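What follows is a pair of complexes built around subunit A, which joins subunit B in one and subunit C in the other.
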Partner chain A sequence: MSGFNLYTRGDRIFGIANASLMLLFVLSTLYPFIYIVSASVSSGFAVSSGQVVLWPVDPTLAAYKHVLSDRMFWISYGNTLYYAIVGTLASLIIMVPGAFALSRPRLRGRRLITFLIAFTLWFHAGQIPFFLNIRDLGLLDTRIGIVLAFACNAFNVILLKSYFESIPASFEEAARMDGATDFQLLWKIFIPLAKPALATVTLLCLVTRWNGYFWAMVLLRSEEKIPLQVYLKKLIVDLKSDDGFASRLMTAEYSFETITAAIMVASLIPVVIVYPYIQKYFTKGMTLGGVKE
Partner chain B sequence: MAEVALDRESGGGPLRAMGGVIATPELATLRTAGSQAPGFGIRGWIRVLLADIRRDWQLYVLLAPMIIWFAVFLYTPMYGLQIAFKQYSLFRGIDGSPWVGFSNFVTLFNNEYFLRAIKNTLLISFYSLVFAFPMPVILALMFNEIQHNGFRKIAQTITYLPHFISVVIIAGLVINFLSPSSGIVNVLLAKMGFEKIYFLTIPDYFRPIFIGSNIWKEAGFESIIYLAAIAGINPALYESARIDGASRWQMMRYITIPSILPTVVIMLIIRIGNMIEVGFEYIVLLYQPATFETADVIATFIYRAGLQNNQYSIGAAAGLFNAVVAFILVYGANRLSRRVSQTSLW
Partner chain C sequence: MSSVHVRDLKKSYGHAPVLHGISLDIEDGEFVILVGPSGCGKSTLLRMIAGLEGVTAGEIRIGSRVVNNVPPKERDIAMVFQNYALYPHMTVAENMAFSLVLKRASKAEITQKVQQAAAILGLETMLDRHPKELSGGQRQRVAMGRAIVRDPKVFLFDEPLSNLDAKLRVQMRSEIKALHQRLKTTTIYVTHDQIEAMTMADRIVVMRGGVMEQMGTPLDLYDQPANLFVASFIGSPAMNQIPGSIGAKGFVADTGHVLPLPTSAVAQIGRSAVYGIRPEHMTLEPSGMPVRVKTVEPTGSETLLLTELSGPQTSIDITAVFRGRVAAAPGDTIHLQPDMAMVHLFDKETGHRIMA
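Right, the complex of A and B next:
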């Protein structure tokens, strides 16, 4: 559509109206981010008294200093990194070989297995049986439980499988002619060829792990194991109503609001850093495997 | 033959339900693979399987962890669903607990809070359909009409971003902005001479807040699928329209919109199929007892009954009801979307 000439007055007005509306939408998307960054570097008093509207007022790094000295912040941040990295590795280690095997026509029963995996997208047992199962497995309140229980999902398996299937059969034939085993076939031929799909799935897993809070909140009891999002939830949702807590935190320099703002910024930074890669692979890569999001 | 029919569902269905579109070649290979199986009955099939495993054992080793994972983490809970028909006790376990027939369901459907949760689920879905569903379509049309490539790319980058942010952060922003003491909305209200409002405690405000913040989070990202549809329109259509002297508005009205209409219809059907899923993880963060009246949905009801109050059987029964309704809706939507996509432009 680019390269159009604006030749009539009406067209020009249309273009300007459209661009203005778009600008409005973009600014309203951007505003909460600007506000939260501004609030995190303003003084506690300025935020509590409603002086911060767009830019920082009485700039100070006091909230960040407080957050960086908060033991729970570091513990939960470390846990989130652990769940994101180990969880994503577990996902790849289980799903990539599985999806590869499932993509080979010589695998007996692959139709049935594919159906049983895809079926879990349609029908799931629900929160309670899932929870009781985790408990019966002895995985409640364990890090490995969080890593394992969310390692696979049918969507990613099917995405990987479709991508492996799209790789021409001649690659497999040639490799098998040279005496390659299935392990070698996967490791040396299919994984290098499936890099776009692997990147997409890796990013999907990382973002899901980084952002997930619900099951971590339900399954983990000890504070030492909770991820950042659960810690943040405790601060924002559970303690917000506890006025005693909020006022105890309040000093002239920082307040409950500036501290939660600082933690939100700290949690957003990694997402913003990987975002360019996410955008590249999600908007283009998702169509590669024949699956559009 | 039955398996073939099942396969067709498995290929086209679930991904559609998640907003994805499956490539058809997969189905073709599935069917040809099936036709190789010799018809010796189950015993013969097992013999062939064992021979295959001996020949291609590495392939089955690669597959095994994933099969075990699905069996342990997703299919074992399906066996556990039987507690919906039992009076589950922690000490007796799933198998040892006594059967009670449909009494958990009778209890549920006599519970006004459960009925309220069903009503709220449907209402939140309905309002989302009316207010949130059109937004990504409109946004895609707007992106498409922006002539300046740089501005369009920046606008897309910024509006896709909230999709990748945790609901905890989104809820934090909402709580922060609407806070009665220092929230920016109330500060502005006060400046204009209005009274401050504690929005999150007032039932009437819950749905607009929930749906509005969801639009903020998802509208940009969801426009991608419509942009993809727009990208597939034949440029010759626009060229001949321009020669005929059509304005940009007319080209959008008579070329772009009709061309993406099939995609819009399919997405609408998918959304209706997913009516019962209303983002409860986000609701849990935003609601409070004061707003349960409008905010409590089936999934949050299950969460409170089962996971917070340990009424496992009631929670499982509500979950089973939820899952069955969801299954029927998704299945129906899927059939419908297949019929629509066959008769329409695709």
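Right, the complex of A and C next:
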């Protein structure tokens, strides 16, 4: 016997290959992030001429100074905050009671309703009918339109519903014996017990809203209402095609590349601040629906 | 406090009948235990009384009020669940106070009632803990506390001790009994443990297959089982059942042995019957039936003998229990003499008791 080595040669090779692959993944997600940060604090010329690869070149905060003095940056930032917070609240207010009702066996037609909701996960009318629908509802170019149009998400409803279903029926029965109404049952028993699921759903809503871009661009016309992502896009497209502006910027300490980089970094700041506190819910969300005490 | 009356109660799930017409009257302050094998409908009956299951047919009254269509919270009933169902996100005090909070009781009243219940149950030092920080027995007490604070008309228990280990079960058994003696609240208690039933109940309801087989005091059921099912269900080890027929000189077992019968049985000569004798109602005497010992199980205070009565065609297992020690070994033949006064006779077809 050659000893009691738990790991065979094959195991070790697999381990090394595994770790290298993981490292590659991490680097490939990390690199764009580092590049954006470096670009945002480099001079416009360095970025445009391709000198910035990893670390900042000719460090300067000029791009940030420009961005922070830009009225549209603050307006669109405010809009993004509004869409994220109000949108998430609206989603929770609509989805939590809905999912709760769907999770109760005594609801008539729950199978059919659940099926119809789940159906939208795979099949939907398409973007043009959706657009026409919003238009005909008079929600084009309104803040509330953006909030309402995406308030209900089938995946989240089903996730919440499954979680409510996993809570043992005896809690409901005990609460009924204790005299709870349906609303009290939801508010005092099920919502506290469903915290992990609620945290996950809140997070998913917030992230989707924060990064929301396509529909905001399609549905909103007035500049006063667009979120940061759309403003960013506008900057990139509009400024790039405006030769005069681009060359004017080129000569300055900043270019539109460093400006867009600075805006991206600014838009990431809240996420970076909040992430450590909510990170556990990201992973928890993946394993939801398991056993509950 | 209140009496509970169940009249011809039926329950079906879809087309599957579960209760076939149960009638019972439970007096104010009584401690009634529902026993029966798994699946016989004990929990269903209890949950119907609680209002957690609808009534298919029949009537449930609490006091003088028909509650068939009254929601649980208006029935003034408290229930202790098998898995306790303590709210995991609330402390012990909050768990106990929950029903009072929903009723919008005053802070002072809530504190006073929770303190009082905690004192009764010895939970004073645990009021700020969460259920997961409690032992099984403590959780059990909190579940009872939650029921006590409401001062309900009726307590319902569904197998409250089945998650506890044997020792704790015995302890909680006497605690629940003491609690009942103190509060005198009408109690309906489900178990499938016949010892629990015998030791705790004022009256026992024996159920089987959605039917009530017999209701009576523990000793009634032990002394006068209405049928073979009750006879075998109540008492441990179970009553011996020897099939045969009633003859002129006694009971003629299918093995050919003649067993002693009280003279009152003579009127039934020729009838096919089952002879019932409890393991503890036999003595060792040379005139008794000869049985071959299969195993000997001494517990110290008692000796349990598993034996076999053999005839030309069939043989029948017979269990006997004796106080103290018995000098017998597997393979020995001993003679068991049934105590004539303790003999039960049942009709072979119907299983009903024959003699009074």
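The rule is simple: the second predicted complex is superposed on the first by the 251 of 293 C-alpha atoms of A that agree within 3 Å, B and C clash if a C-alpha of one lies under 4 Å from a C-alpha of the other, contacts with A are read in each partner's own complex, and residues count from 1 in each chain.
Everything that follows uses one rule, which is that a residue touches a chain if its C-beta (ideal position, glycine included) is under 8 Å from a C-beta of that chain, and two chains touch if they have at least 3 such contacts.
What you see is a predicted model, and the numbers here were worked out from it, not measured in a lab.
*Asks:* Using the superposition on subunit A, decide if subunit B and subunit C clash or fit.
*Replies:* Once subunit A is superposed (C-alpha atoms), there is room for both subunit B and subunit C without a clash.
*Asks:* Kindly classify A:R176 by the partners it touches after superposition: subunit B alone (first), subunit C alone (second), both, or neither?
*Replies:* In the superposition, A:R176 contacts subunit C only.
*Asks:* Looking at the overlay, does A:V86 come into contact with subunit B only (first), subunit C only (second), both, or neither?
*Replies:* So A:V86 meets neither subunit B nor subunit C here.
*Asks:* If we overlay the two complexes on their shared chain A, which of subunit B and subunit C does A:I278 touch? Say first, second, both or neither.
*Replies:* In the superposed model, A:I278 contacts subunit B only, not subunit C.
*Asks:* Let me test your reading of the model: by the given contact rule, A:P168 touches which partner, first (subunit B), second (subunit C), both or neither?
*Replies:* It touches subunit C, and subunit B stays clear.
*Asks:* If you stack the two complexes on chain A, which partner ends up touching A:V37: first (subunit B), second (subunit C), both, or neither?
*Replies:* Touch status of A:V37: no partner.
*Asks:* See if subunit A has more residues touched by subunit B or by subunit C, and give me that chain.
*Replies:* Answer, by number of touched residues of subunit A: B.
*Asks:* After the superposition on chain A, what is the angle at the C-alpha centre of subunit A formed with the C-alpha centres of subunit B and subunit C, rounded to the nearest 10 degrees?
*Replies:* Spelled out: centre of subunit A as vertex, angle of 80 degrees.
*Asks:* Mind working out whether A:L193 is in touch with subunit B, subunit C, both or neither, as first, second, both or neither?
*Replies:* A:L193 contacts subunit C only, not subunit B.
*Asks:* Determine the nearest approach in Å between the Cα atoms of subunit B and those of subunit C after overlaying the two structures.
*Replies:* Scanning every C-alpha pair, the shortest subunit B to subunit C distance is 6 Å.
*Asks:* Would you tell me the residues on subunit A in contact with subunit B in one complex that are also in contact with subunit C in the other?
*Replies:* 293
*Asks:* Of all residues in subunit B, which touch subunit A in the complex?
*Replies:* By the definition above, subunit B touches subunit A via 3, 6-7, 9-11, 13-15, 17-23, 25-26, 29-30, 32-34, 37, 48-49, 52-53, 56, 58-60, 62-63, 65-67, 69-70, 72-78, 80-81, 83, 93-94, 139, 142-149, 151, 154-155, 157-162, 164-169, 171-173, 175-177, 179, 181-184, 186-187, 190, 216, 220, 224-225, 228, 238, 242, 247-249, 281, 284-285, 299, 302-303, 306-307, 312, 315-316, 318-320, 322-323, 326-327, 330-331.
*Asks:* If we count contacts the way the header does, which residues on subunit A are in touch with subunit C in the complex?
*Replies:* Answer in residue numbers: 168, 170-171, 173-180, 184, 188-189, 192-193, 293.
*Asks:* Given the complex with subunit B, which residues does subunit A contribute to the contact?
*Replies:* Listed in rising order, the residues of subunit A that touch subunit B are 1-2, 4, 6, 8, 10-11, 14-15, 18-19, 21-23, 25-26, 28-30, 32, 35-36, 39, 47-50, 53, 93-95, 97-102, 104-133, 136-137, 148-149, 151-152, 154-155, 157-158, 161-162, 165-166, 181-183, 186, 207, 210-214, 218, 229, 232-233, 236-237, 240, 257, 260-261, 264, 267-268, 271-272, 275, 278-279, 283, 287, 289-293.
*Asks:* Flag every residue of subunit C that touches subunit A in the complex, lowest number first.
*Replies:* Interface residues on the subunit C side: 50-52, 71-73, 77-79, 81, 83, 85, 87-89, 98-99, 102-103, 132, 146, 150.
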